[in-house]
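Take a look at the following structure, please.
Going by the order they are written in, the chains are A, B, C, D, E and F; count residues from 1 in each one.
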């Protein structure tokens, strides 16, 4: 097992493609997306979900520690413009044939 | 980037409003909620999902470290009474115009 | 509060029962499952979701630190064969009547 | 017995019951068939909407007569009586919390069983009255309250603090009761005119949706069956015998107040059925000490299939005897 | 006034409107009734599909006459005029961003309000033309563009860089407009023959699905009502008075170009209604500075219920006066 | 050729095919139109339920004659022959794993293509037999087994341990096969009587649901098209030519055993179509070495649209020639 970084982003669903592009540009090509996330942030409730298209997505991406810097640079402007939050933490990856750290 | 705390709660969906109230009272106003979470805990499977209304929710909230104490005080009684689990970990927040740490 | 381990697994939905069996065998009996997770990994997009049955699940399980070793042993072969990723991190558990650490 | 056998066969050879079997079979042979959430919830909302609306439309035709009031009174009575008497039977083997929760489950009703019975009547060409839907709505909640009172009376920490407001809300405003009563009232208000415009939706598709829904119920019930091992023989017998007993009492009451045969069957089915949605939700909230897998599994994996497959034609057989 | 009262009553006693009330009531009494996602989205896709297809089939019958072109021209005109004049009213109290976003919301339309009005007409036995659906489609997008131009003109950092490509895409290819126009074109291409095979699906179930959908709209609208406290009396008055005004202008225009009564009602409803789906989505993307709870809540919690309950019969009353 | 052109046109001008185009267009113009999960799954369950049930009801009318048995035999034959011969073609360019997976995909069938063809026949007023649904069910699974045997024979690590129990389960009890066969049996058991009560649901809505579903299939197919770049010209040609070849073989066989024209079309379509649900799921499980984007994308983005748009009328043209 070895250390990798976990990126968690919660944002409005319309930002999704922009954020995934941002991750991709930063060299983070793997991700998982959970849709239909309700929530409350600084811009008020996102409760109507798919009715008013104001629902959130929860994006998880695991990457190598050195990729964090470009990710921050690419994602921060999006958060500043459209809202949403991004957090980074440490996790250990179980080595498998194809894993983040083996790339 | 600066340190904030991540709170993760998995509980039955009927506890949701009580838990969100508890977070709110503790000064944690932002949260994200994922519904329709299946699972198995100490009270058995939650598989029937929306059929028998025994499905779970997964609640994520990021907050300042000093808010953890009141959160624990407010949430623990709910977990003791109705079940569910609550975990806390460290994450780094990407500073954006409006972020937890900038409040 | 005391330290427990968080296991996160993202894998194709058809692996779900195998993975849950693996966790169970390792002594980890509690888990939560989020379905309909879209994503991109090394085997390409999982976008068609329930149409082509290539959607992912996101499995979360909290356990005692000493359970990690058997979990890795049981899960790694599945990841090697069918794909998917598994990560482990440290979290603090809020003690409640019935919690992982109280078992 | 021949007649009874015939009734069972003609019940079983109905698409809804056969699809219920198909769902159970899928679980037994480990097929990966599943009706993904939230489809089952959508179907059940539709069924409540359609049955409530139809009941309301027919209620305005029949009017609120003495017959109606007697029926509703009988319904109320059974909804209070059943949880009380079953509680004491259950106490023989279980602790107060579990006994009260299961008693409440059996005091309340299963709308799907009712709907399946009404579809069965329609097929046999037997009439029933729209106000039976009102009885259905009325019988859903009282058992929840009775159950809680029982817990209050029979637990040592006498002064258990219940959030009564919350309990009443859960009992009378939970989504099934609310939608059923709401649709009934709207059906009543819009009457024949409203019926005509909604007919292709509420009537035409009704039988098909019920069939599809029972496919899912079969899946859900069968998945619950493995829970039954832990439940023990006492509860399994309870889950079959008590419905028969309740149906019997219901039929006698129905005969007494002179219900029609169709109404009597529906009433018996209401008495015999157990709740696996509203009451479990309320019980987890208000009696968290009780074990959900006990009250959900007995209601869902034993009583529900029993009523759908054997109960409905059996009670009809009873009616044939009593009303002759 | 008596006539008007009658119209309101006969509108209110319709299942769709009553179920809208039921949804609102559920929120007020804190019932846990909810239509789980993504069912509301499915229902709204269905409604757009059905209304678009029907409109297309009828358009091929009527042909593209001068009448049609005049109607579409009037629609275009109102879609551009409304956001401009309301922007200046809103600027009196709000900043440019919020004013432009709300103006765009009211310049666009609500398909559900249109559909409810068309169901109301059908019940009253009043005819309307299929090409009104084309007007509906045409009025959805222009306000988004107008709103953005207003932001561009009235903010200090004059040279705001808009991703125009993205904006136009959002305006003209968002899922509602796309599905509506697509279904219209397909209806036009397949004509009477396509209509017959799809009829049980697009026509038979239509009224029922609308009813069910309005139940959900009631839930959504009522949940938004608490947001209104922060909105203030200015916006609430705006959200009632401007629709009436717009409907009035619409009716005069309709009279001028000689629309039929049914078409005039639909046109008035288009002018009076505000978008709570397409425009909010576009505004969050293009004017993130504006506060979504302002433009969503006024459109959804005030204007939408007002139009559904009071507006539709009120505008019909106006037609009765003007067309006499 | 004129006749063929006419057939293509009258096929293309059908609502289902036009909505399929609309879905593809939505992706090409980057509209955000989407049918949210799990709606597509619900629609496909409905279609299997309806077609299976109808097939069963009709099977009881026709009885199990020699004709039926011959048809099922032919179906079985093609389901085993196609994966074997295509495997060797594919091996020319691909490794064993990918070749076996793709071969299995083309040996199996696509229920939606079959259903679209049957809707097309209904519109043309051409009859077909209910037992073709049994052929459909029968042809879904064998290719999975054949594919695995091929992998076993042609990979170096000869003694690959397959969990055969799991494989057979996946092959014969996967949700599509299970629901289809189950509905067929239930239709057979309930017969005309069951048909009548379910008719508004299984028949009335059928065409509309198919249309709506094809809208989603258009979205899904078009999203897959970008994968085709990596696929290369060999596989794309394969995905068009092999279906035509298979349909041709199917037609000859059909002529040989004397099928009716309607049945022959359905049989040709079964031979020509490729599975993008059951087989891919089984292959990911049993041959994880194969690249899913190869076998899913060719089946979904090339063969499926080809069959829906060009294939069905083309095969009918062939029938016109052969049966003349």
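By our rule, contacts are C-beta pairs under 8 Å (C-beta built on N, C-alpha and C of every residue); 3 or more make two chains touch, one makes a residue touch a chain.
The structure presented is a predicted model; accordingly, all values stated were derived computationally and were not measured.
Remark: among chain pairs C-F and E-F, E-F carries the greater number of C-beta contacts. Taking the mean of C-alpha positions as each chain's centre, the chain lying farthest from the centre of chain F is B. Using mean Cα coordinates as chain centres, the one most removed from chain C is E. The distance from the centre of chain D to the centre of chain F, each centre being the mean of the chain's C-alpha atoms, comes to 41 Å. Work out the mean CA point of chain B and of chain F, and you get 46 Å between them.
Measuring from the averaged C-alpha position of chain B to that of chain E gives a distance of 38 Å. Counting partner chains per residue, chain D shows two or more touched chains at residues 36-38, 41, 200, 204-205. For chain C, residues that reach two or more other chains under the stated contact definition are 34, 36, 50, 83, 89.
Within the complex formed with chain E, the residues of chain A that make contact are 12, 14, 36, 43-45, 47-55, 81-83.
Here chain F touches chain E in the complex through residues 13-15, 18-19, 22, 25-26, 29-37, 39, 123, 200, 204-205, 207-209, 211-212, 215, going by the rule given at the top. Against chain C, in their complex, chain A makes its touches with residues 1, 4, 6, 29-35, 60, 62, 89-100.
Those residues of chain D that touch chain E in the shared complex are 37-38, 41-42, 45-46, 49, 53, 169, 173-175, 178-179, 182-183, 186, 189-190, 194, 197-198, 200-202, 204-205. Note for the complex: chain B touches chain C at residues 8, 10, 34, 36-42, 56, 58, 72, 75-76, 79-80, 83-89.
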